[in-house]
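Should a chain be cited, it is by its letter among A, B, C and D, assigned in written order, with residues numbered from 1 in that chain.
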Amino acid sequence: MNFVEHLHVLIVAIPLLAVPIIPLVGRLRLDFSWYFTFLALSLSFFMSLNLLMNVWGSGPVSYFLGGWRPPWGIEFHFDLLNSFVMVVTTFIAFVSVIYAKQSVANEISYDKIPAFYAVFVLFFVGLFGMIATGDIFNLYVFLEITSLAGYALIAAGKRRYAKMASFNYLILGTIAATFIVLGIGYLYMATGTLNMKDLAERLPEVYESRVVFTGLAFIIVGLLIKMAVFPLHLWLPDAYKYSPSVVSAAMAATSTKVAAYVMMRILFSIFKIEFNVIGIPITELFIYISSIGIIVGSVLAISQTNIKLMLAYSSIGQIGYIVLAAAMMNPVALSGGIIHILNHALMKGGLFFVVGAVAYKLGTEKISDFRGLGKRMPLSAFAFTIFSMSIVGVPLTVGFVSKWYLVTGAVASAHWYVIPVILLSSLLTAIYFGRIINLMYFSKKPDEGEIIRNEAPFGLVAPTLAVAGLCIFFGIAASVPIEIAAKAADALIGGGLWK
Amino acid sequence: MIEFIAGKYNFWIAIILMMIGFYGVIAKGNLVKKIISMNIFQTAVFLFYISIAVVDGGTAPVLWDKNVPFDNPLPHVLILTAIVVSVATTAVALALIIRIYKDYGTIEEDHIREIHTKRVTEARKNELC
Amino acid sequence: MNENVIIRTVTQIMLPFIQIFGLYVIAHGEVGPGGGFQGGVILGASVILISLVLGKKEARKRLSMKWNDVFNSTGVLVYAGIGFICLFLGGSFLEYGVLPFGSAEKGNHLGMVGIEIGVGITVAAVMTTIFFEASEKDDD
Amino acid sequence: MEIIYSPIPLYAMLVSLVAIIPIYFSKNQPNVREFWTIAAAVIKFLLVLSMVPAVLSGQEIVFKFLTAFPGLDIKFRVDALGLFFALMASSLWIITSFYSISYVRAMDEHAQTRYFICFAGSLSATMGAAFASNLFTMYIFYEALTLFTYPLILHEETKDAFRGAKIYLTYLLGTSIAFLLPAIVITYFTTGTLEFTPGGVFGASLNGGASTALITFTFFLFIAGIGKAGIMPFHSWLPNAMVAPTPVSSLLHAVAVVKMGVFVVLRVVLYVFGVDLLKDIGLGTFLACFASITIIFSSLIAMRQDNIKARLAYSTISQLSYIVVGVSLLSPGGITGSIMHMVIHAFSKITLFFWAGAVYVALHKKYISEIAGIGKKMPVSMAVFTLGALSLIGVPPFAGFISKWYLVNGAIQSELLPIAIVFATSSLLNACYFIPIIYIAYFKPLPEGVSDEVQEAPLMILIPMIITAAMTLILFFAPSIFMDMAEIAVQSVTGN
């Protein structure tokens, strides 16, 4: 085993090592804690790029922790699907840590900054671990690591209700995790293994057993809570609203998406697609749930006056797209879902970046305070416009790409009734983002004097614009991610991920 | 029927405990009671795990006579991890409750919500003036 | 702070034994029941005992906030550091067998002891941190 | 057919988009800014013109810009129909630019830089759509045009302007997302391609499994999705968009927006479905009847409007349906007529809008009831208006006659006499709503207390009007460039 292969495990291990170092060096000098955070997360990002290229070139890679082969040891398994999700997540981590420097200095009290960064990195360690692991119990452990770090991060919000928001999330999150661990127990009972690959091999024999049904049901319900799919979304709006801006951005861009990835993995690669045929039609159910979720999320978003809440409800709608794509069970739609993981991460992360920049400069989160932002903070407003056009699905932005694949996928598998849902939600999205763009550019109070330009500092604007640039870039040159996503979707549906 | 219930009594106990915990999480307004219920909920799952590891007449797999059947050690190890996680969650939850108590002077959910609403409306009023 | 002389004296006498027992449990973890978690909790409990009986000030004097934080981090660092050393020596992450102690068996032994020590330090430090954080009324 | 690979169509599209940058940076020097607008307009026109000889000699210019994702290319192809549209739009842009410059200065409008930026942007979108080689590229520029014109419509930033702009955006974005996009997806899925092919892409798939019902359904999705064509019931954005400044209205009506709408209809009917297929299914007749209703109804509504621009708007709705009816006749005459009517209506209608703007600039009058007797005050403008109106009615020495001739001819070729009668009736109705304006202006006395001295609009406003009015005459006597291109286009789609 050469050193290059170790690079793959280092994606998780280096940030993990950084977690204890950050508060230590933060004691020496406050700045150091940020530099170490940046170092660790950027290393992860570059290593994950390398990983993706490796996997693209030469197929899935397995890594056995401690050299113990399964079933005794824990395996990290990298295939096209999770390498892609890994790159997305590490990229968001990388961008948000750049953004964090000034944002955190503004929002977190001085003496808590090192601890904050440590928890921030821990949050990503959990996510990276969830993506990387090939052991289903290990998945639960990493899930809890992210969740715990997430609770702490939300509670770091300045406003007093943040603690209560975090507490509510904690209760729901723990219930979800307990459901998942219970489900894992059922699967273990039926098969006697926890390794995902072994599970995939052994499960077909016991597809008809009730234990497996129950286990899957528990896992799915747990994941639906974690993903904040419509009827189980109640924790999400408050959590996003009260957390510090960089946390909202990082969380909105990654955590629900990683949960969605886990769902895809469990539904299509641990369970095979035939399970749906033999067993209960879970996916049909998913289509209904997510369709309702998409519409309800959009409608609720329209009625908000707080921008963070609006984006949070929009997230609930958007996660519905990914679930919907997975539930239609055909390669086209599924690749749309996978690509939407990237696209939504870019768009929502960017939107929260802009909201953070506005909060930094103007200290407000009210939508009505966006009036005249086009003059006041031209760059941020411009980025916001790009993100919102993208989320509406205007061509040449990333949002269009995922919608195109979703609609084509719906046609391909003859789910006609899904098309109006997607289109209606696009229209609703256009309404609530259009309103803000109108406020930013075209509505000036008559009694207002000349608006002074008051752009956020470079450290906040630069990552925002970079993400906006990517939104356009991947909208125009979508071939690269689409190829990866399509290949991953084929492998996922064909059960070829383990080879 | 009797067999169905008695034969799988470990499952039933786990389920009953779980539901007790779940009820508590939903119905109790006191945050500490919520946490206690949550612990019951989690512990039920842990018990379930441990109980599936039992082998009839098995012994502990530590320095044992190789001819005697032994219990499956893997769930035990897993549950050890899960317990640590649950302790950590409880710790975070309790820390949050302490902060909430400092801020709001109560740990009853309804009161907290009341105070929060009052604060929000006051903040809005001040802004208007 | 407890004014009862008996409790104070007994505590003073017991403390070293408790701590030594904690260290024993940590070191013993590799071959028998025990280990970093359990031992760490015992160590942490000793500090908590100090603060309960002799007062928080005394406890803070013996284990200052700063050192507590440092222990918090070093424990994890020891753990991860051993993992990385294995990695650099050509094994997998945490593959103790490759540690340079002569044989793979010895490497396994000592590597595991090292890991337990790391876990023990962290658990002890975290226990105390949780206790102090929860008991302090007027912080922040 | 010979194909030339050349990036000229891309450059022609990009010119005005690139011009946005110098326009923005010279926002504090109006003269420099206007220079960039004019320069871009002229360069664009020359680029378009440079492609004319090649296309007239039967060649096509193709340029593939990039592949957005597998199966969807951003690709340009200049054929006769596209170049026809581009030539019309780019030549009118020059005239409109001069007119807008003098108009916004005379009115002392605010946010002039934004105005010119959006103007340039909409022209880029128009060019892009004209040269688009497939539905995807077309869709992109279709949406882009909506977004670029939105700030122009709410330019005044009054309550009415916001309302009008909101309706505009709702109708156009709404229909395009709700109907056009699914139609494109279905097309892609059933035929496997989005390329415009003379003769249609659906024709081949009819044997391959696509049912008639699906094709009919898709066809109606397309027609409903192209809200810009203003076919009833998706027409009411047009009168509401009249809150915009007059040059914007002329851009909407003559150069870019509605013309793009009917252009897309032409593309879809001729190059996606194909003449033969539609004839087989009988969808053409259906569309013709549908659009005929729009012709008659909107003409009737136009007669009741007192607001000048509203009357012109309803007139536009009815004239657009001429074009749609023409193409849906599916006969060579009908298609030629409808293509020709695109350019002829453009020149005639832009003249009328220029006149409305001139009246507003000079006298601040918006209503027909207020313009009694202004024939004496604004003799030149009124003369120009008369020319434009006569052309639209279809009186012989003006261009409008040509297209109507072809249209009626086409109706007879396809043996659809009722349609010919619709054309005749509607010409009568056209006369009914234009002649009163002329009558009021020339023969009603001025209101008391108003002096009858000449009070014309600025010269820079008059000149563009005179040019466009003259064009309506010139097009009657020398329609060759446009006519030739129309014929090439018709030949390629009908196959003879």
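Here, contacts are C-beta pairs under 8 Å (C-beta built on N, C-alpha and C of every residue); 3 or more make two chains touch, one makes a residue touch a chain.
The structure displayed is predicted, hence computed values, not measured ones.
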item	value
Distance-maximising chain from chain D - centres being C-alpha averages	C
Chain centre separation (chain B, chain D; CA means) in Å	68
Centroid spacing, where centroids are CA-atom means, of chain C and chain D in whole angstrom	80
Mean-CA-position distance for chain D and chain A (Å)	45
Centroid distance [mean C-alpha coordinates] between chain B and chain A, Å	26
Pairs of chains in contact (touch as defined earlier), listed by label	A-B, A-C, A-D, B-C
Residue ranges of chain A touching chain D (in the complex, touch as defined)	389, 393-396, 401, 404, 407-408, 411-412, 419, 423-424, 426-427, 430, 434, 438, 441-444, 475-479, 482-483, 486
Residues of chain B touching chain C in the complex	62, 80, 84, 91, 94-95, 98
Complex contact set, residues of chain D against chain A	66-70, 72, 74, 136, 139-140, 143, 147, 151, 154, 157, 162, 169, 173-174, 177-178, 181-182, 185-186, 188-189
Interface residues, chain B side, partner chain A - complex	18, 22, 25, 31, 34, 38, 41-42, 45, 48-49, 52, 74-75, 78, 81-82, 85-86, 88-89, 92-93, 96-97, 99-100, 103-104, 112, 116, 119
Of all residues in chain C, those that touch chain A in their complex	66, 69-70, 72-77, 80-81, 83-84, 87, 90-97, 140
